[in-house]
Amino acid sequence: MKIPFLGLPDHPQAKVALIPVPLELSTTWLKGTKEAPLEILKVSSNLEFFDEETSLSPHETFGFFTFPVEELPLDLNSALIRIEELVEEALKAKFFPILLGGEHTLTLPSVRAFKKFYPNLRVLHLDAHLDFREEYLGTKINHATVIRRIYELGIPILSLGIRALSEEEFSEIHQKKLSVLLAKDIWRSFEEALEKVSAFLKEGPVYLSLDMDALDPSLAPGVGTPEPGGLFWQELLLILRKFVEYHPVGMDIVETRPIPGNPFTEFLVGKIILKVSAYLAERKLEF
Amino acid sequence: MKIPFLGLPDHPQAKVALIPVPLELSTTWLKGTKEAPLEILKVSSNLEFFDEETSLSPHETFGFFTFPVEELPLDLNSALIRIEELVEEALKAKFFPILLGGEHTLTLPSVRAFKKFYPNLRVLHLDAHLDFREEYLGTKINHATVIRRIYELGIPILSLGIRALSEEEFSEIHQKKLSVLLAKDIWRSFEEALEKVSAFLKEGPVYLSLDMDALDPSLAPGVGTPEPGGLFWQELLLILRKFVEYHPVGMDIVETRPIPGNPFTEFLVGKIILKVSAYLAERKLEF
Amino acid sequence: MKIPFLGLPDHPQAKVALIPVPLELSTTWLKGTKEAPLEILKVSSNLEFFDEETSLSPHETFGFFTFPVEELPLDLNSALIRIEELVEEALKAKFFPILLGGEHTLTLPSVRAFKKFYPNLRVLHLDAHLDFREEYLGTKINHATVIRRIYELGIPILSLGIRALSEEEFSEIHQKKLSVLLAKDIWRSFEEALEKVSAFLKEGPVYLSLDMDALDPSLAPGVGTPEPGGLFWQELLLILRKFVEYHPVGMDIVETRPIPGNPFTEFLVGKIILKVSAYLAERKLEF
Amino acid sequence: MKIPFLGLPDHPQAKVALIPVPLELSTTWLKGTKEAPLEILKVSSNLEFFDEETSLSPHETFGFFTFPVEELPLDLNSALIRIEELVEEALKAKFFPILLGGEHTLTLPSVRAFKKFYPNLRVLHLDAHLDFREEYLGTKINHATVIRRIYELGIPILSLGIRALSEEEFSEIHQKKLSVLLAKDIWRSFEEALEKVSAFLKEGPVYLSLDMDALDPSLAPGVGTPEPGGLFWQELLLILRKFVEYHPVGMDIVETRPIPGNPFTEFLVGKIILKVSAYLAERKLEF
Amino acid sequence: MKIPFLGLPDHPQAKVALIPVPLELSTTWLKGTKEAPLEILKVSSNLEFFDEETSLSPHETFGFFTFPVEELPLDLNSALIRIEELVEEALKAKFFPILLGGEHTLTLPSVRAFKKFYPNLRVLHLDAHLDFREEYLGTKINHATVIRRIYELGIPILSLGIRALSEEEFSEIHQKKLSVLLAKDIWRSFEEALEKVSAFLKEGPVYLSLDMDALDPSLAPGVGTPEPGGLFWQELLLILRKFVEYHPVGMDIVETRPIPGNPFTEFLVGKIILKVSAYLAERKLEF
Amino acid sequence: MKIPFLGLPDHPQAKVALIPVPLELSTTWLKGTKEAPLEILKVSSNLEFFDEETSLSPHETFGFFTFPVEELPLDLNSALIRIEELVEEALKAKFFPILLGGEHTLTLPSVRAFKKFYPNLRVLHLDAHLDFREEYLGTKINHATVIRRIYELGIPILSLGIRALSEEEFSEIHQKKLSVLLAKDIWRSFEEALEKVSAFLKEGPVYLSLDMDALDPSLAPGVGTPEPGGLFWQELLLILRKFVEYHPVGMDIVETRPIPGNPFTEFLVGKIILKVSAYLAERKLEF
């Protein structure tokens, strides 16, 4: 089923591709992220399409192409393969892909596809959680282990906003010398944190993985595990701007969980897509 | 985490064992059945423990033992193995097991365990759906195929209340000569349907699998796929009475989906447990 | 705060008085009945004021007077005294009082006031529960004991629709020879049940206490303890008609619990008020 | 924005056209019917496409074409003109149109379009309300007056299921000799009512206008004004079968109001579309 | 239907008049603002009446008069005329009127009435949106065009908090030299923004139009289009204080949309009324 | 019914005791705090058990013991006596007790028990309200008077975060020279406020009473009376750290009100418990 972003027909020279990924096989507490891609696209037609910060209308100058919302296989491996195919398809077509989750696990196949096109890919990871467990409830690939699986591909990662993690994950930070900016580091000095982000972004093509629970729950209540102390809107905008300033190649927005009767978080995801696209359009980036 | 049924301590000579099975790996539309076992047990202390139909208090004369609510493995096969172990454990301890789902898939490992104790086991299947697909979204074992997998074990099945099925499932009814009482058959004559149930029950030890969507949505709104035209309370009671009259050995109650702020369906499941237990107690059954 | 029934000004010759009683001091599970009187009055302006069964518009031919919604004392005894005062005031003014609860406990002071005006008062009690405990959670006067307290005043009671009660309450039915029509009696023969109601109503002036959980939860979901197997709309109408046919003197409608976003039960209470008033108007009753 | 019914591509020889009409300009109490067409189409992919009553899969043998969900003008007259255009377009293309509301007002422009193709058109009107006011809140065309406006076009109407109306509307029934089957008439004898429906249907081409509040609220809770005492599922099916038996030319399904978190009513509308289509397919009707 | 603010009887020398305006004819996404006036008044009795910032109890020293909640005509023009009449009535009675919306469109007739009493009226407009479209969905007067219609009356306007607007509206800011403080301007320096507000307020009598979506959605979730990056509580209080400091003549609070089960936004509106009234009382203003 | 914190078995050398207190007898507006203790414990197993701020896992190094959730008597005095007993029991067993409310009234019996063990006890009171009324709705002991009743025991109190109080309460602050930090004082300078807290804490053993409405509603929406302008997460953490730095002896967390479908506030309470426990563990406190 195809529900185009903003309710508009696909732009003939679209530069941004939206890839709905209704994956939900490993959530263990509050369920519902599977519905998020559909709901994000559904409410997006209520957005104001113009961005007053850049004075741009990215739907005109830049253009969007929306992939259909397709039912994924129930078997995890088959689902991951299908996601990897979709991302490769988008990259071959020279799009800047934005995946709409769905659970965080989808970042693994997405990053695998990107790495074929950008061998020295790096990942900027915004999240309340480190997602760096060795395994979780008996399986190796799920939303709680996904960043570790990406780390094992030899991809440099900077994790930002972390404020809930296990003792094992915490000790890995020191053992493996992971690049992590805890929420409390950001509280101490957002400017310093932003500088570390810049230093990381400078080194090569970057994929942004945005777990919506990185944001403060007052801004994004519709997530599976709302942790207090997250990023606020203006902080997010500054990070997104930084991301676009260097070498952005694609991103995902994951773990949105629609709350019946309160579509604010889905609406916000649409707004984030427009913001990133406006920043990209401003820099007249090609992919 | 242990939440005892009715909020009471386990009875020392308990005859009924409640086994929470928070399995949810294959739901594709409205999610949340994973929370059902916990919520059913949580609200059960608000039930009136006495049954005025039989003039019995099954929690005293018969007794309940509640298994803990345990987090199942995320890997389907490991989860099924664990469920089979739990049911075997309950059967070895001479309980009448009642599994609380969770998705319908759990009936497969449950029936596997029962068949070891009752080689000529038969299954009475109450559902709005036939759950007899050959495969669903690329996998063989899930809530839409579970009855077919049980059929393939050579277990006789009577399916009752069916009012939503695929063309393929419908043609299998004739090809495989399945015993099916469609909802429309029940509407025509509930008495005739009940006689067919009796005929089926007579033939040997019976396991009852109650998908809550067999009931009319006005009675049980908290399910994943509410289909109009289901069983009403008094019809259900007559079927449960019949089930107990012959050779009942255990049952499951599956596909409950808690609706925030409306715990009526979970409360109803507790009431069904009490009703079946009162009927069992009345007949002074031993297992 | 005054919110007039149907949103209309009080009728100068009003015959029916609506007395909001936002009492909630003893609910133990799903709370919220305190808000019911306000919400019932608030939604009532959306009712169609004409009754097509009697071809009457009771708001014109009969008239309504609405008491203000007043905050009751937190101390139970003071609250009961205040309720008794309000009912006496209404009876002195020759109204047919309809109390809008609030928890069932309010029936005790209401009946006390009525008994002063009708010494041979009898009570027709529609409920899923017998409310006949000797005590509940350490107190003597609450929603679970209220009918016993009324019984102790020597008032004849017929309880109807009962389908959830304790073992102790059940044994009292036989010991005290209570008049009780269990739900299962009504299922067997509604006609027979209605005859027993008539026989009871014939004997003197009757006060009707309608606990909304007497109704089937599919009809009245907004209650604190929804029990399957209750009365349906047409059965309720027949009972209300019977009630009006003999010697009705007043009534209460209790235990409504507003569900946010689903005001159907409050709307239904308004409809019940209109129905009773139309039946009263048809018989041109004076009080 | 196009969301195809059942999530399937339009059938090349589709016989049924689904026309979403998100009209909501005159609702006065519970709002939200504007979202209904979108939500009905969104959840429809979760329906079982096969109909076990007729053993047909109407999406294959008959075929569906879905019009896009388009934003209507805010000016009522412009909106009505646009709806009339859409229906004419569908009729010219030889479709059996099913309009998905949206408020009941849309029946006026729809019937206007139909009357051009079927000069002796008649309307079977299922509703809890007569919708026959002369005016409502100062305007002539709205959900409370729509049937009167159609009556004034000289179109014969049979209204069925009525259980809430104003005194003025009630007196019009006698003055204008309207054909009305009140809910209480149906309660007395559904068979007799069905015969009167047959007699009406025999006389010419019929358009069915189904206000979802005609159904019992236990079956269809998602409406703006839920009135107890409505039609049940099996009664509705019998009426739909009758409708198809004679000379059906099109229909609308209106006044659905999505309840956040409880999509049962939208799902039911999808099921009604499938049922009618299966009945049409069975009779191999051409338009 | 009259529901007095704070649940108190009207003050005999009331200085503030609350005018409920349940207008909702042009909302296109999340509906429900029509219910807001009723709900705001309903929950207001739960407010603490005393203001600790000014050490004043405005309900005593200043006094409130509440207009009834009246059903408006469905025809937009008639509704606007009625609103204008109500405001004129309040102004003639020397009240400081506070209109409670309802959709933003009501500001047009309100300002028209004020202009008759204050020919050099100016409007301070707090909103996430500019509401300055030339037309919207085919009509000239609605919530998306209302500020432009007021601009065309020659009334000076300062718009504050804007963070969602169309390209056309954005270009009008420059062409028409509109006074606009975008949200991003406020983020850069709230102090500077407040100075510009002061400069604007100095020039003459001011009407404040407060669209609740001007506030941050974390503070006021109950609106139709929640945009991140809005005003916080302390910022709003500073603006309200400034407004009262110069020449305040009246205000409206619009676009509140009640969320079932979460009345925080309606409660907040009540608190805003108390705050403004306390500030007015502190300055002992006469009107 | 026992639901252990974090879903873990009680620690054999537990230092922190969690005491669920489902007291709700005097709430007058939004009800539901009675369910909070159960829901807080239920969701706590979804917390990350490790605290990254202190690098400690308090469930291992410190240990939790959870009291069962027991139904309290309906009679207020009996309920208060039972709560006092429970707290004494915990203090005798050398626990650091954390009571989980339930309405604020429970602080009175809790403090009475503590005073027996710590005669020079002082109370740090975080709240939006002063709770210092002489009486409320005719009773002396309830959530609106509880702090005054504690004051009358001669216990020094510092109230912090107050932003809603009655005129009478406000005048008592001056007459009785109460120690109160209004929300507006905190806004002016959080650092200064924190110094006053330190000065208070230095003087002796301190009991912390945390009314969840002290927090900003954007952080803790699930309360009975959400007042804008409250404490944010990092401010709360600084206050909790201060509390632990001096002489902490126990605490309560009250007035949580579960919102169906949005368990964020209950989850937050669990997080607060972990934070306080980690701070206590870090200082290796004994009790």
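Every chain is named by a letter (A, B, C, D, E and F) in the order it is written, and numbering of its residues begins at 1.
In this text, a residue touches a chain if its C-beta (ideal position, glycine included) is under 8 Å from a C-beta of that chain, and two chains touch if they have at least 3 such contacts.
What you see is a predicted model, and the numbers here were worked out from it, not measured in a lab.
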*When you check each chain against chain E and chain F, which touch both of them?*
A, C
*asked:* In terms of touching chains, how many steps apart are chain B and chain E, taking the shortest path?
replied: 2
*Is the contact between chain A and chain F built from the same residue numbers on each copy (over half shared) or from different ones (under half shared)?*
different
*For the Cα fit of chain C against chain E, please give the angle of the superposing rotation, nearest 5 degrees.*
180
*From the C-alpha centre of chain A to that of chain D, how far is it in Å?*
43
*asked:* Taking the mean of the CA coordinates per chain, how far is chain D from chain E in Å?
replied: 40
*Provide the C-alpha centroid distance between chain C and chain D, rounded to the nearest whole angstrom.*
38
*Quick one: which residues in chain B touch 2 or more of the other chains?*
28, 218, 260-262
*Mind giving me all the chain pairs that touch?*
A-B, A-D, A-E, A-F, B-C, B-D, B-F, C-D, C-E, C-F, D-E, E-F
*Using the touch rule from the top, collect the residues of chain C that touch chain E in their complex.*
1-4, 7, 38, 42, 45, 260-262
*Which residues, counting only chain F, touch chain C once they are in their complex?*
24-26, 28, 31-32, 34, 71-75, 78, 136-139, 142
*asked:* Which residues of chain A touch chain E once you look at their complex with the stated criterion?
replied: 43, 46-50, 52-53, 55, 57, 216, 218-219, 233-234, 261-264, 267-268, 271
*Okay, in this complex, where on chain F does chain E touch?*
28-30, 129, 162-167, 170, 182, 184, 187, 217-218, 221, 225-229, 259-260
